[in-house]
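What follows is a set of structures to go through.
One chain, chain A, appears in both complexes that follow, with chain B as partner in the first and chain C in the second.
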Partner chain A sequence: MADPGLTVEAAADTSPHASEYSRAARRNRFFRLGKGLAAYIVLAVFAVIAIGPFLYLLSPSFRKSYELFSYPPQWIPKTFYTGNFATILHETSYLRWGLNTAIFTVSVTLITLVIDTLAGYAFARLRFPGKTVLFALVLATLMIPTAVLIAPLYIMISHLPGWTHSGVNTFPGMILPMVASPLGVFMMRQFISTLPEALVEAARLDGASEWQIFRKIVLPLMKPAIVVLGIFTFMFQWVNFLWPLVITTTDDMKTLTVGVASLQGQFVTNWGVISAAAVMTMVPVIIIFLVFQRWFVQASMAGALKQ
Partner chain B sequence: MADILVKQLVKRFGKVEAVSNVSLQIADGEFLVLLGPSGCGKSTILRVVAGLEDADSGEIVIGGRLVNFIDPVKRNVAMVFQNYALYPHMTVYKNVAFPLQIAKKPKAEIEASVKRAAGILGLEELLQRLPGQLSGGQRQRVALARAIVREPDAFLMDEPLSNLDAQLRLQTRLELIQLHQRLGITTMYVTHDQVEAMTMGHRIAVMSEGVLQQIGTPQDVYRRPANVFVATFLGAPPMNLIGGTLESVDGGWRFRGENVDVPLSAEVLSPPELEHEIEASGDVQFGLRPEHFRVGAPGEDGGIAGQVRFLEPVGSDLYLTVEAGGATLQVRTDPDSPLQQGDNLSLHFDASRVHVFGADGHNLRRDAPPVASAAALAPTIS
Partner chain C sequence: MTSGTTEGAWDELTLSEADYRRAGARYRQRRSFRAYLFVLPYFLPFLAFLVVPTFWSIWLSFNQGGLLDSAKYVGLGNWRAISSDTELTGAVKNTAVYAVEAILLVFTLALLLALLLNRYRTGSNFFKLALYIPLLAPAVLVGLIWQFLTNFDFGFINLVLQALGFDRLNILGSGTLALGTIVLAEVWRGLGFWTLYFLASLQNIPEELLDAARVDGARGFQRFRRVTIPLLRPMLLFAVVIAIIANFQVFDTVYVLTQGGPAESTSTLVWFIWKRMFQFQETGQAYAAAVLLLLIILGLTATSFWLLGARRRREA
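Right after this comes the complex of A and B.
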């Protein structure tokens, strides 16, 4: 039985290295504190850089426009003015723009997820002639700047054969050119490649068709990757400005980004109203990200863990 | 249940010939082990039989039916993978039921089959767990259950025990043997572990670099290896080999190496005038297993003088590394032996246990087995 009087502390007190131990322990504590503090300072700097513009936008949205140019400048308003938000909601087509954006973004996201996961599976697991060349071509399209595509896309959509009217100012005309992203195809293909080949082979031996293998085996295992692609697509399309600007010419078909930009007058601009509109536009994206952020971690860790 | 015939199978991956003209037959109900080092082509043969790879040439016949161009599921074989390939998002019940659901069996039949398989493998309490909540041995049993429910004509097992620890491997090996005895399903089993091969198979097919080296019962393959590869691959420690020459002396053969001069009995090699294919002064290798040496006192008549370099006690035996006859030999002896490092000794052996391998590596013994392909297509189950 151990001597009850010989505790760790008692042993430390009587040890010839006791004073050296306590000095080393103190040094170790300060070092760890210092490292933690340094990490927090660095993170705080980056957090300020990231959140700063949003906070900078928040202030004018709660102030009257003429107060924005007061001197000295005031970051935090003395009273919180909500008139800007009322103006946006009642005197502009903001709600219609919001609906258009929701339809556009959700449709593009859903169709992109379907096409990209199917394409990713085909490139990862199926064998067909020309697969390598085709995949290289898909990736090669990433090198083409979006601005270069806008004009030919507009011409295509406005002169679609078989349509009784131009695709301009229509939801199909706005949505279809934005589906199927090469980056999404690449991401899905890479993720599916990390899934053990034996799972697919076992399912084949169990009699599953390729569609059943995709639907029952691969798709359930791809949830983190699908959520990440969905979030990225949603966020990107929600703030997409250039294509909706080009393809919509009427106020009732504008999206939020185009609509908010149109609030800027030729001679006079109500910055308070524009700031309020921008803040309201960002809120859904922030909510989506906060709700689904844990999937980002899952997706990034999926390849790191041994099955 | 069905027999499996592999006839002159060739499989290439690019320029590499992974399987080179392999022929073998597995009788109905037989347990055949494909044994060999990594990269020898054994898994490739299994995958071609399963239909996961296409043969470049050769025939695969299962139950009298040519299956080269038939989908994997229609071959009615079930495969157990090295990493089990359990569907991680499905419970044990759903994993086992999956092939039956794909086949659109009635729900009641599926439930009955799953419960029967679970009963055979002791999985009744685990049916609602996910694979991630199971131990390695439990996962392996789930993989087996998923194979059993399909009531296949044959099992194909690709190193199913390699991911288990030593103790669990031993326990699961016994369970697999019992399962095969109970179900009697034709089984093709791939492994690189010679203990598994020796204890589990009715016959062992030894592979090296895509070529079938020898096929026979475990005792045949161990006692009468066809060539140097089989002789040294089976047995731990492997067979000792000493280089030298054969000389015809007084109507018999003598092996002469550096500091070794051993007469070979007629039981090992036929008299010279009958052995047309053995050249009298050709280079050969003299082979003897560690357990066939007897350790004698230094200078004892009739032995080969040697000195102990290392000792490896393993509990039940003592392995000596001995410098003798110009070679380094592994000798198995009594664990209570008083020998120490540096001690001199003499090594004796039963001349009938000796093997002689020709310059091309083939065993020149009179009772050495024939070429692999001929024996492969004439199986017997003892």
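Right after this comes the complex of A and C.
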């Protein structure tokens, strides 16, 4: 143990002066400002990487294809050539593909919402023999790749038992196999499990039937989960490619993804036309997205927390 | 059931034990029946379009034909055929290389961006929206966009290379660069999804824990390593499993960008299955490869649970 007086003196000697404190604080502020600046530069770079390629497509869609090969490149066309869009509208079934896509995605989404909500409720709140086993079965099928299902589904749909004609190139044939996805049941069950059980119990004691409980108590509380699942299903089916590719053989039943892919064969190196098709496909979705942006972002973030 | 008069309700209590048991059984039966009604609308398509086709595929992998003609049993013939097929081993290798590169790259970038967005909230909405937009593009369009970026004559990448004084590259025609392009295209598309996923996970971490670590003198990276990462583990497990299942099925971008070429250097498992089934009509081999894909995914999922899940249990 040293003499207390001595320690105080020593401490006073080594302690920095007020000016040194303020210098350290300034240095700290400077570093923090620098770090913030670096962070925003990184974010901005990735924002440009995310959006840039879409803007890059705009330019060729308004130019004649051979103009693309000029060097140095001419990013902003001197005259806006709209012939590429006219070609798409008049020489392909583009609008029909758009309609098919709308029918396909909306139908799958609506059916999925209804049946997944019902099943999710049963798995979360009702009691019945075999519940655990059935739910485990649903979870296990999450791992089954689409490639495993595609051929048997094609066989089933093309030789529908008891039907005189095949389901290839029909909407029911396209839509129904896609509503079996297990992800929604899982999400709905997880969400309903977080709702207070007391509400359901109280309604049951008051003599409400299971259907009334579901319809009047549970369903109104499920709006956020329904929005999340709706957006997820819509997005999955909007980008769906493999199944529509297999189940449609005629031009007027194609969806946009399959149709736009087929343009590559039709307009082999006519890049202006191909980019115009891509622009026409992206613009409506981006508009829908910007209108409902809050829901989209929240859906993705909420989806992450529902496991 | 209990809506009778008070008197009636009391009478019920005087039933014998057997009567009670029977009434209970009847009630449970009715309850189960109603529950099955809730589950049925989903289970009909589920059984018809998911469970049955899976077993059917497994059965067909021991058969020849079946798509347009009737199936003929060939035992292990298909399995023997694909096990000695260098195109399949190549496809498995390409898929694995692709998946490892894509998952590592997208997780690293997404975690970085999520940490930044979590720390710097001003204007974060704009960045979230910007990162989300590639998600709206179907893989077919992603493929088209990347064809425009990598085109030899007018692709952005080549124009930049030329401006910097390098030679132009035939990117999609090169056996070494084509698979990398598919990785970049898929990472570009998936980055927004995983960034939002990790951001949601980060925002779920209680602020007090990080504050406590700060008070205890833990530096930024230490806090990340010792507090954030362990708390993220369950989310990370789910992310790894989903990413494996999705990335081992890569097909759309291959279809649009390279058609498996050049020289099978971007042939992935699903591309192999697709080609065998619809171009070569070798359906038996296609089924065998599809079942192989299923087995690979099952194995990797189990491994992820074992590696990431077990430790979580020990720590809990």
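The criterion applied here is as follows: the second predicted complex is superposed on the first by the 245 of 307 C-alpha atoms of A that agree within 3 Å, B and C clash if a C-alpha of one lies under 4 Å from a C-alpha of the other, contacts with A are read in each partner's own complex, and residues count from 1 in each chain.
Note that in this section a contact is a pair of C-beta atoms (placed from the backbone, for glycine too) under 8 Å apart; a residue touches a chain by one contact, two chains touch by 3 or more.
Everything numeric here is computed off the predicted structure, so don't read it as measured data.
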Considering only touches as defined above, state whether A:I41 meets chain B (first), chain C (second), both or neither.
neither
Quick check on the superposed pair: does A:Q293 touch chain B, chain C, both, or neither? Answer first, second, both or neither.
second
Looking at the overlay, what does A:D116 touch: chain B (first), chain C (second), both, or neither?
second
First (chain B), second (chain C), both or neither touched by A:V133:
neither
Just chain B (first), just chain C (second), both, or neither: which does A:Q264 touch?
second
For A:P220, select first, second, both or neither according to whether it touches chain B, chain C, the two together, or no partner.
first
Who does A:G207 touch here: chain B (first), chain C (second), both, or neither?
both
Chain A residues touched - chain C or chain B, whichever exceeds:
C
Which superposed partner A:V283 touches (first chain B, second chain C, both, neither)
neither
Do chain B and chain C land on any of the same chain A residues, and which?
207, 307
Touching residues of chain A toward chain C in the complex: what are they?
36, 39-40, 42-43, 46-47, 49-51, 53-54, 56-57, 60, 68-69, 73, 114-116, 118-119, 121-123, 126-129, 131, 134, 137-138, 141-156, 176-177, 179-180, 182, 185, 207, 210-211, 214, 235, 238-242, 246, 256-258, 260-261, 264, 271, 274-275, 278, 281-282, 285-286, 289-290, 293, 296-297, 300-305, 307
Listed in rising order, the residues of chain B that touch chain A in the complex are 50-52, 72-73, 77-79, 81-83, 85, 87-89, 98-99, 102-103, 146, 150
Interface with chain A, chain C side, in the complex: residues 1-3, 31-32, 34-36, 38-39, 41-43, 45-46, 48-54, 56-57, 60, 66-67, 109, 112-113, 116-117, 119-120, 123, 125-141, 143-146, 148-149, 151, 153-154, 156, 159, 188, 191-193, 196-201, 203-204, 234-235, 238, 245, 248-249, 251-252, 255-256, 269-270, 273-274, 277-278, 283, 286-287, 290-291, 293-294, 297-298, 301
Contacts from chain A onto chain B in the complex sit at residues 196, 198-199, 201-208, 212, 216-217, 220-221, 307
